[in-house]
């Protein structure tokens, strides 16, 4: 639909590998890409609520010449927030710019793609429908990242295809002194899994591991678990030469408890 | 090969996710996309018969400025039929427009891509080889969709990645009165699986379910089975919040028997 | 990153389906594509050594107007060799043409893509960093393909998605006379698996099969094993109508021993 209307405009497939209906995974993939997007229009569709009352919207970012087009279900907000937040939003209500459907509306094809084509062709966002109160845009529940005594409780945000476990926090969220966080010394953290508080509040704590703060995979011994800053600036758990997620049994939504556990390499009694 | 010859022409990857050698699935994917294709050339290759005598062809559609290039094995015919049928076909016989191969011909690379590049660059379809009698173009066996007494026997055409079960018929094929078909009331259909007649003609009938005619997923209770018109205008079986195909054990080629089963929500004794 | 810098330059996704960290598979995929690549820049990233000392490089091919950009880990060399070998190489050391990272360098995004954008935009390769001695470019260990008495020992290079088993040799490597190799007669080869010499040198030989030299899949009876020249000019083992790799239990890195086994179709006692 985009190509039929805009034969010459470059189209980039950011990803088609988000799991079906996983709005959160889609929102994080979009957020990771956001700082690298060129001027243009982003169409984002991950929507278990197809056919329900959630609104189709177009949202202009504040600090980039980017408009996001998709469902008002929170999918696009982390990326927008990474670009200064939403500056202006409209509901895609104007049927003039929608495609008739042989059945129920297929929003990606019938609403979002024609709206994106209009915008990419220089059309005015206001022509697509009425302005929305930015406060009414839906947001996903925030990921867990909080201090708890000397520990950090932090949620697994994403497991990449190499099995690295990206956490919902950055190095500044780590407890301990600045030197420990910098990883200049061989700072250790104990890492254990906590059940998601919304699932089973008083479930028994899970397994525990020892992770060393390092700068890169290559600083780890084979099979050693490391805590590092990844290429997106967030904390990640990685194993040298293997997928950390699979070996530790970690999945998205798991909450981990990270506690400082001294310096030096793990003792043989660990 | 396309890009080397046509550096600037837009190329769209419609899909590379058809199962290996599944000509029927490819033909249905192409048919779904057909109404939305821009002017241009479509290269389609799903071909278990590589190396056999089936002909490489280019076929012009009747009611769109589209030429389909691929094997003469039925793959492209449903899409062509959705565009008014074939208007003109040639066999890709002219070696001038083929690529020499380091081994046996790889048709997509050596025959179809160069032919598509020629056509997309304004070349004449007749230059690619001799005209073919349109009646000789191969067709796949038609999908089952027939009245049988008060029932509709209809084949599973496609299971999408959300597990929705698309049937080889539209709402007009449903038995019962117009009101039932419209789904205005809470019309119910009983749905059971029949063995494919070509497989085991007198096999025992399979499991049976009750499906309610609805307009959209969101009209279904969690876990309820619905019969709805999908975004391509065909009938589909869907479950709210789950994949219908997996839960019901349905696959492409299964034939279902749909019978009117009264009105109102399913009774507790259903 | 490429698109943000080069909105109008065509970008082709050669493949994103190489297994994580499988440099060899990536190198072979690139080699198969090499003869068909247009003038331009190729970005190739398969790199288990991220974060280690291996160099990011750009390498100009000798007999094509192509520059390869990626890690100096052997990934790009088979493709370069297919294009006359490397003509000139630089290390991507000039930080002016690199992207700052919010964490450790993500080479594809922060180094390779900006370098490729510069080159595709007409920039000089020498501006990216110092010239390298071509002899120092890393190479992968060569695949096994050697005569051993009357037999050919040859490694499985690649299993395609249809289950065809591509071998690391061409028809000229086959033992036997020219007629046998040509497959004009119904030449037979016995095929058995040998453990990789680097794994278990004196391991017991594996299963053995009989393969007939044919020109194309279609010359095989259903279920018959054939030895043929594939569309890339190399030897391949194929079954008519099934995946040879799965049925024979063959994988990449397996070494096969091929021996002439007479003429004519397999006897009933084979």
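Just so it is clear, A, B and C label the chains in written order, and each chain counts residues from 1 on its own.
Going forward, a contact is a pair of C-beta atoms (placed from the backbone, for glycine too) under 8 Å apart; a residue touches a chain by one contact, two chains touch by 3 or more.
These numbers come from a predicted model, not from an experiment.
The fewest steps needed to get from subunit A to subunit C, moving only between touching chains, is 1.
At the interface between subunit A and subunit B, two copies of one sequence, fewer than half of the residue numbers in use appear on both sides, so the contact is built from largely different positions. Remark: rotation between subunit B and subunit C after Cα superposition is 120° (nearest 5). Averaging Cα coordinates per chain places subunit A and subunit B 35 Å apart. The multi-chain contact residues of subunit B, meaning those touching 2 or more other chains, are 13.
Contact residues of subunit B toward subunit C in the complex are 1, 3-4, 7-8, 13, 20-21, 48-52, 101-106, 109-110. Partner subunit C is touched in their complex by these residues of subunit A: 10, 12-13, 35-39, 161-162, 215-219, 228-234, 241.
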